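Heads up, there are several structures right after this.
Across the two complexes that follow, chain A remains constant while its partner is chain B and subsequently chain C.
The block that comes next holds the complex of A and B.
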């Protein structure tokens, strides 16, 4: 009876425990195997940890700087979206206008997705003072609404932002070219909408300096109504600049707004307003993806190398395991679990350090000191906030998980062709 | 260089007919011979206008698909270089004036009592919303010295020889056009002028629509400048009055005169 019990017991225990106990056993053995050569394990895991750290840190900074670039670039003049006459983008002439500008502006302001809106009119004109004159873009803006959609009013270096109905806010370089100082009178001369001369006189009350030469050299802002009357535009406007909560929502909001707009009027998101911005980001992203791929491939290869060594060194051990009845598949599983454990150790260290650092820096931002000129040129913000997201934190660990499993599996599969007798003869 | 004197012949603006028309009495107009060279044609035309001063009154119609604007203006010229143009109608624009002295141009706005000098960067802009640019008004000697001129065709029509000229700016010339072509009658009446860009695509064309006697000679009475890139965009200038032997005082061509009169 007892013998029969014993004889029957193992199958029962086996069938009941294959899932939990068996797996647990594999895990324990794999973990113990890993530390039979501690130095090698630490080195390989260290490689994984280091590459996780590098990838997470670089990606967070990179995507963070993209967000910063988008915010800075859209925040300067263009806004997240703009409503324009359908031909204005390609042919920005005075006649391509939105006719009932103030009604449409109010309607858009009431839209729940829109945080801020401001109308502009623009006309190319001669800006003249004394014997000097230059061509410039005269931009009529609403002095109250405009600062909510554009950072230009914040780039003031001297004077005030449009305090009066005949004020002008002038780019520093244009001001220098014209020899202007605060309080000077400028004469603006252009062509009116339906023929004839558009002319007006303004008082220089402020200068701005954005660091972007093409803005500083050509733009002057004056109150909206002054330009509308000088150019014979009535209530027409050329752009209604819109800000949503987040630049990334612009496309979706624009799609929602499009059907509500009058005929011949369309809404454009920043992607269409600033095509060079998206191109710049894409170009940068492509080059960095290549670097990430190379880095992760090198680490994967070093893991594969480490496991190939392991499998060669342990041929005798595997031969014996097969000889006493372990299925080759079990050995493969064990090696793969060893690889998995290696990944867990490496990733845990790399992720712990990088996540803590990125979350901390993401909150406070990293100042780019001494690069203000370049920042202005390339639309970079003054502080980069590393982006903390599934993409930046998760990509490297997930890619390395796949890499490590493959790196463990390929040498492990050799075990299936193992001949126990030959293997046992191998020197340990 | 004599060929530099072709300047006012190609003066394609409102003043074109005035400046390039012979300054001698009707009946004495010397005809260019059939085998005249390009330079002789241009120089001949210029010899006749040299030193003359004129007074003309013109109507200008700016036509757009959506609107049309009728204006009237007076112009005084002296020699080939100096001109004063003043709008007289409509009331909104009356008094607006443009003064050209050699290469320099000023515009005066009487409502604001302000004048502005036009920088070279603005010369390709439209003048008073018309299809003429400031450049069209201001072309002068040193501007035109950069062209090679060639007669590409001669044809006989209604007792006249009509010369087709092709004017190509030198490579280093500060000229926006890639080529200009011109049809000139042997009595120096310009029939048409076409402006081509660097790819030799025609962008603007000036056409004489009516030729008749005025101020004692045959001149283009109605000229139309069309924007070939924009359909239905043109500006037409029609002579109302002309005196090609007017005794205009030199003081007319001063900044003071620009500002002082309405």
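The block that comes next holds the complex of A and C.
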């Protein structure tokens, strides 16, 4: 049966005689050989398609969720970058400040890479209303600039965001614990710069609810100048929060800014501001790489198995081809081309399905239902947009191309040891 | 056909194609090893998180006032009646502790911070991380100790040290502010900076005096085994009628959902990787059937039942699967043993802290999971043989003779 198929392809007989066989012919013969056992080809190609689909889908979701996590986490409070006193990150005390903050802020705003900038002053203080009091972080912010670098102003559930010079924007949980309502007066008491007492009075004009109780219980925002004067800070600030066009550019922009900064002041990218975010991504990436490697290794093994069977079954046919003058190298080339065709079929199916799905889902995003608790804790966005890039779509096909070629080549190399006479004598 | 003959036939058939079946067994073993090792990591992570939250003053079960979660303070305290613990006679309890835990502001000469002031009886705290704390200076001596123990990180932030005084400010039972000065007995150091920043400990009676209330805000219980939680909940609910009795899963839902994810991920991983493998398995079995058309036709002509033909293919598939799974499990155990005592993960400390896990990470290889993988593989082996077996049954003596 096998010999009959070959005989039906007259060019083989002709050109094999001359010893030079064209590439197009190899392709045609390899393609036909592949479909002599359609079931096997479909099963092997199906394995390739399955793993291409899974790898593409997993990688797109994974990288998409990283981008979403970074955007959500940096957009909440920290921004893409921050300019701080060099000791502030490790020791956030009032004295570790940037003197002449407003000049530096204006300079940074003029930098072409910076999309938005806002200065903050922070101090820990006792927040009291009537006889009740609670400890909290008092954050002095610029009511106009702050919404451009932080999502906190958008988490408003009641009232307005800092409409007046003595307004306070308070976490819902802190408000509940203190029994606050809109319009109430609160007293803020902390340690000022020179060791004295920092005291100020604010009016509660708005409440926010981020869904993270710890945050909602510990933060209140008030206008920048009020905190600066209460803490005796003058024009000093603690953080200048910066947003670039894209969180991924933060490191490069930060490097560019560093030499322009005054002494004792440094710029930190989100990598350093939120080290747990980078580590979480790295840890997740390491474990997923193990899965991808396993998946692709297993499919490669199954392709190798398929070709081992193929080559074994066709010993007699190969013997005949060699006997009528085909070089063993030509047979190896033919088998490798068969492997290539197998890859094309499998990858085409797997890629077609997964690319269509990922591009479609990438546009609309996938809501993560039922995991809101974790989403809050692990800084996940509400929707994941699968990332459609060369990396996510291309990795699995390229790796499998190499795997399939090796899987075809190794059994094919056995053909070089083929002895035509013995091979022809072999039972079909 | 007797089973022994069936096994013998299948075994010999497999042995006829050593290379092909060898590759299959290798692929299965690789897949199983990978799945199991990932699973030991997930399990270890989940167990680490669970242990950490249970240690961090949560315990397995906690009794609190219904309003405490939304408004933590002594106003949401309660007084457990004497001898309540006798209700737990039937529950294997490792220990319990009564605590007063209130938000407070702590002040040194230079800095001010928000903390949780926790009044404890050190004798009861063997059930929490307090029991095994490494303290620089002195630990608390008893419930009436009037000094405080604070985290090393907090001490740094407050620019203070052992032996100096700090002022603590909080709300009393009447809602009025109280403040008092306390001497630092010692500073404690844990894997988690977050813990060190938040918890300030002193004697339970000292807090009671400051707050002017004999009430406690929580009773925390540690059980001999997490399996007894439902029993403990039932018994405690009967004693503390007006209070909330909560399992750690309700108190720390994020950690509980991570533990669930670990349960789930075993199945996802398994089906993803084994799914890719099934294509290869079906392929090899179907090839083995098609190669034997003549042989199968002859057997049928001699009177072998279709049933036996099916059985033969199923047995072959199951044998390959079993060999692969056993090898894979053995390999997984081999890889696991060197790390059984824990892996140092301090490089990832911030994440581990975020997720509530300690720096040394102990993977866990659970027998139940190995059994699950084994049984799933047997099922998968049978499923994979269905298509090849159908092909084998279709072979008639006539087909075979035409060849």
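FYI, the second predicted complex is superposed on the first by the 406 of 428 C-alpha atoms of A that agree within 3 Å, B and C clash if a C-alpha of one lies under 4 Å from a C-alpha of the other, contacts with A are read in each partner's own complex, and residues count from 1 in each chain.
Rule of thumb we're sticking to: a residue touches a chain if its C-beta (ideal position, glycine included) is under 8 Å from a C-beta of that chain, and two chains touch if they have at least 3 such contacts.
Just so you know, these numbers come straight off a predicted model, no measurement behind them.
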Superpose on chain A as described above, then tell me if chain B and chain C fit or clash. clash
Applying the touch criterion given at the start, work out whether A:410 contacts chain B, chain C, both or neither, answering first, second, both or neither. neither
Which partner does A:323 contact after superposing on A: first (chain B), second (chain C), both, neither? neither
Chain A residues in contact: does chain B have more, or chain C? C
Could you say whether A:200 touches chain B, chain C, both of them, or neither, answering first, second, both or neither? first
Which partner chains sit in contact with A:279 here, chain B, chain C, both or neither? Use first/second/both/neither. second
Between chain B and chain C, whom does A:134 touch in the aligned arrangement: first, second, both, or neither? both
Does the superposition put A:363 against chain B (first), chain C (second), both, or neither? neither
Which of the two partners, first being chain B and second being chain C, lies in contact with A:289: first, second, both, or neither? neither
Applying the touch criterion given at the start, work out whether A:23 contacts chain B, chain C, both or neither, answering first, second, both or neither. neither
For A:157 in the superposed arrangement: first (chain B), second (chain C), both or neither? neither
Selected from 59-67, 113-121 or 221-229: the stretch of chain B that, after superposition, runs into chain C: 113-121
Chain B and chain C contact sites that coincide on chain A, given as residue numbers: 124, 126, 128, 131-135, 191, 195
List of chain A residues in touch with chain C within their complex: 39-40, 43-44, 46-47, 50-51, 54, 91, 93, 124-126, 128, 131-137, 173, 176-177, 190-191, 195, 218, 275-276, 279-280, 282-283, 287, 290-291, 294-295, 297-299, 301-302, 304-306, 308-309, 312-313, 371, 373-374, 377-378
Listed in rising order, the residues of chain B that touch chain A in the complex are 62, 64, 66-67, 69, 71, 90, 92-93, 96, 107, 109, 111-112, 114-119, 121-122, 125-126, 128-130
Note: in the complex, chain C contacts chain A through residues 19-20, 23-24, 26-27, 30-31, 34-35, 37-38, 41, 70-73, 103-105, 107, 109-115, 156-157, 169, 171, 175-177, 253-254, 257-258, 269, 272-273, 275-277, 279-280, 282-284, 286-287, 291, 348, 350-351, 353-354
Spell out the residues on chain A that touch chain B in their complex, using ranges where they run on. 95, 124, 126, 128, 131-135, 187, 189, 191-192, 194-197, 199-201
